[in-house]
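Presented sequentially are two complexes of subunit A, the first with subunit B as partner and the second with subunit C.
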Partner chain A sequence: MEQIIIQTLHGLVNGMVLAMVASGLTLIFGIMDIVNFAHGDLLMLGAFVGASVLGVTGNYWLALVAAAIAVAVLGALLQVTTLRPLIGRDPLTTILATFGISLVLQQYALWQWGPSVRRISEPVPGEFTLFHLQYPWYRIATALLAGLILGGLWLFLKYGKYGIWIRATTQDRVMAQAMGIPVPLVYTAVFAIGSAMAAASGVLFGPFAGVTQTMGFDFTLRAFIVVVVGGMGNLGGSILASIFVSLLEAYAAIVVSPAQAVIVSFVVLVLTMLFRPTGLFVPTPK
Partner chain B sequence: MLVLENVDAHYGKSHVLHGVSIEVREGEVVGLLGRNGVGKTTTLKAIMGLVRRTGGRIAFEGRDLGGVAPHGLAGLGIAWVPEERRIFRLLTVLENLRTGLDRPGTTPVRRERLLEKIYRYFPILRERRHQAGGTLSGGEQQMLAIARAMVLEPKIILLDEPTEGLMPRMVAQIQEIVHVLHRDGVAILLVEQNVPLTLDAAGRVYIMEKGAVRHHASAADLRADPRVIHEYLGV
Partner chain C sequence: MTARPAARPTPPAVGYWIGFTVVGILLVAAPLVLPPFWQRFATEILVWGLLAMSSDILIGYTGMVSFGHSAFFGLGMYGAAAALLTVTPPSLWLAVLYGLVAAGGAAVFVAYFATRLRDIYFAISTLVFSQIFYVIIFTWTEVTGGENGLTFSQPRLAIPGLWSDRFTPATFHWFVLGMVVVSYLLVRRITQSPFGMVLQSIRENEPRTRAIGYHVERYKIVAVMLSGLFAGLAGVLYAIQNKFAAPDFVFFVVSGEVVIFNVMGGMGTLVGPFAGAAFFLLLREGLSRFFTEYYLIPVGIIFTLMVMFVPQGLLGFLRRRLNP
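Here is the complex of A and B:
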């Protein structure tokens, strides 16, 4: 029982961070039909920028905001220079392009920050006792903050003028253009928002495991799984799927080792692709 | 105001418009008649920059539309009500209208006034304003598509088969709206299969066949002598 409560908490915290990563990925996919394989590397870059800013200023929250803004600007530049010219081409071209960006970002991080693991210290100190375990408050704070950021994103998409532009463009690009919505600009903005979400997740996740230039790939993969499970381009579905998959992994870790528990998410992915290819949390299309 | 000169267009490799020339003057309602698949919709799409134009010229108020980005047309005063309506299905009725209302340069007061005007013409849209566009009936979606074009306060509306598949009561309502728009000085290029409606609403009519304009006359002449209509449309 104790184990289950601990693992539930664990799963929820991981799920919230994963949901933040996946939300950017799914938003970009929904509007541009681009699977961004560099998403995890934008997260990694955000974590490094955050660690550097933290090193200079000592202020974690400043580091969080700075990383999000810096990576958002970089994301916008990448979109304009690399992806915008590829719009309307074979999707494979954009996949290759984002894969290329991923490699470039990793090599840049290696060159700029070196191969050693960077630490981001926890901004919220202290631990509380959960049965036999000392559980850091920071993890709880992370989950709450991720929830707040996701809530903010949701409100923006639901009620903001530009949120409506984004949703309209996602549904019908041609009609959105006819209504005067500057679609190329919306694409760039969405890519920037997705990049900022990735960077913020990187800084939030940094204290859990440390920052390395190869940390991105794992996140790309995990985010990709939950985006497929939740339904490509479906924000709410991705968030639910993140929590669902993370909880499953956490419970599986009770029985098998955590490394083996990851297999669970792949099993869920395969089953989803086989039986519900539009996603677990999408009503079956009529 | 809107001038098409010898417009040629291609869908992939097939040549779909052959030297189409059409003119719509300020505040004028112009009908575009023809059977299915003769290029009426394609003509509108060519104006919207949605098909590959391979020859000729399209100009609006003297400005060549060739260099205008697709999202720039609304700002020039050109609104499009497509045949398939293309409602943003997951957006509410109000959000559908906001896609055009929230453009730069409109003040909140003006937006409010415009919205009131729309709701006065289409009371059903006020009732359904928080409902997703995809849940509306066909007729309501058509109203919304027209209302969505109207919030752009366009100088011309490209209206593509607005009465297709609608009940007679709805058709009458659409006809009424076309009259109101005309009275307000909005030009309309009306693509229709409904001949009586077109002859009633339009001042001039172009008749298309096989991707080209075959006949051009005033609506009054066509009403007086329906033989041409019979020849090209078989009605």
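Here is the complex of A and C:
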């Protein structure tokens, strides 16, 4: 029983971080039909930038903001140089192009920061006792922060002027262009926002398990799973799906080893694609 | 210059077979003239090219990008390992059989689920299935050796009941070459058969193919299975060459490389993937002298640029250049 409560907490915290990763991916897919294979590597890069800034300044919050801005600028550059020329081509082409970018980013991180694991120290000290287990406060703080950022993103999309531009472009890009919305600029901005979300979640995740240059692939895969389970391009759906999948994995980890628990989310994905390809957490399409 | 118009009227098949024979002779002669390092290199190009060609059945002919070919390749390796470790005396042909059964079985399993999905969803689901196989192989230490994989001794090259001999690098190269040529001719024949035509019509227009009355899913499942079989064969050959099977080869990186080979060489050409594999391995060899282990930075940039500007690959590019 205690174990179940602890795993629930674990699953919720991991789910919130995963939701942040997935929100960037789903935003980019929803608006541009681009499956960004480099998303996890942008996260990894964000975590490394965060760790470096933290090493220099010692301020976690500064590291979080700096990583988000740096990776957002990089994302905008990547979008303008590689993805903008591919607009209108087969969506598979963008998978291949972003896959190439992912290779470059991963090797660049290896070259720049070396193969050793970087630690990001915990921003919030202290632990509290949950039954007999010490549970660190910063995990709770991380989940809350992720929730705040996601809430901010949602408010921005719902009420902000540029948020409305983005949603308008998602619904009908030709009409949006006709109404005077600079669609190419919106594309670049969305890619930058998605990259910033990835980088921020990288810094948030940093204290959990350390930062390595191979962490990206794992996140890319998990974010894909969540985005498909939640319904491609559906922000609320992917947040729910993140928490759902993370909880399932956390419970599965009670029975099998955590490495094997991943299979549970794979199975959820396959079942979703077979029986509800539009996503679990969206209304049934008529 | 004057020869070209004169050569025009000859049917293209003759030119094709001349080219085929020339490349064949060069490859047969390779172990006799090349130094040991490049000899091994040539064999590796053939093995990776075979893997890439198997994926071309899906990418180039059926229009489905598989990001999971490492699973079939890896299961071919483990299948061969199983045959060589459990059956005494180790038999080469049994290793091939076991590898093909393992890879083919996995391919049918994956295909049953994945072929119901299209485009990116197919790509993601093949990727996910290959990761499932990876996790199972990686964590099931008692059977698969876990992270360390399995090592075994090389079987003898044998014609059962008649003759048997130890592999030398040269005979191994010829053995691989023989396998690759047979596979290539088979796949070429398949893609030109009515079955292959249906696959290509699925690539061009799936709803119309369905409307004409073809059972599209069944064709796709068979295509994935064929692709998996040839990928498994490549895995068997690679395992026998290196005398081990390791989980690294089931990991996603191999699948990614397969896609790179296809894009670089030219999708839908069958020969292109071999050219792509050769180009990639040469690029890696050349660049790793300057960039050491970071060779993937320039390779990744070249790959991305090729996706953007030369989407038809090296072979398609050359073909367009030669026959404007």
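Quick note on the criterion: the second predicted complex is superposed on the first by the 286 of 286 C-alpha atoms of A that agree within 3 Å, B and C clash if a C-alpha of one lies under 4 Å from a C-alpha of the other, contacts with A are read in each partner's own complex, and residues count from 1 in each chain.
Keep in mind that, in the parts below, a residue touches a chain if its C-beta (ideal position, glycine included) is under 8 Å from a C-beta of that chain, and two chains touch if they have at least 3 such contacts.
Predicted, not measured: the structure shown is a model, and the values here were computed from it.
Between subunit B and subunit C, the partner in contact with more residues of subunit A is C. In the superposition on chain A, no contact is made by A:Trp137 with either subunit B or subunit C. Shared-chain residue A:Trp111: touches subunit C; no touch with subunit B.
Within the superposed three-chain model, A:Trp61 lies out of touch with both subunit B and subunit C [touch as defined at top]. Of the two partner chains placed by the overlay, only subunit C lies in contact with A:Pro277; subunit B stays clear of it. When the two structures are aligned on the shared chain, A:Phe128 is found in touch with neither subunit B nor subunit C.
Of the two partner chains placed around the shared chain by superposition, subunit C is the only one that A:Pro85 touches, whereas subunit B remains out of contact.
When the two complexes are superposed on chain A, none of the residues of subunit A touches both subunit B and subunit C.
Contact residues on subunit C toward subunit A in their complex (touch as defined above): 65, 113, 116-117, 119-121, 123-125, 127-129, 131-132, 135-136, 138-139, 252, 256, 259, 263, 293-294, 296-297, 299-301, 303-304, 307-308, 311. Here subunit A touches subunit C in the complex through residues 35, 82, 85-86, 89, 91-93, 95-97, 99-104, 106-108, 110-111, 217, 221, 224-225, 228, 257, 259-260, 262-263, 266, 269-270, 273-274, 277, going by the rule given at the top.
Here subunit B touches subunit A in the complex through residues 48, 50, 69-75, 79-80, 82, 86, 88-91, 95-96, 98-100, 102-103, 148, 152, going by the rule given at the top.
For subunit A in complex with subunit B, the touching residues are 161, 164-165, 167-168, 171-172, 174-184.
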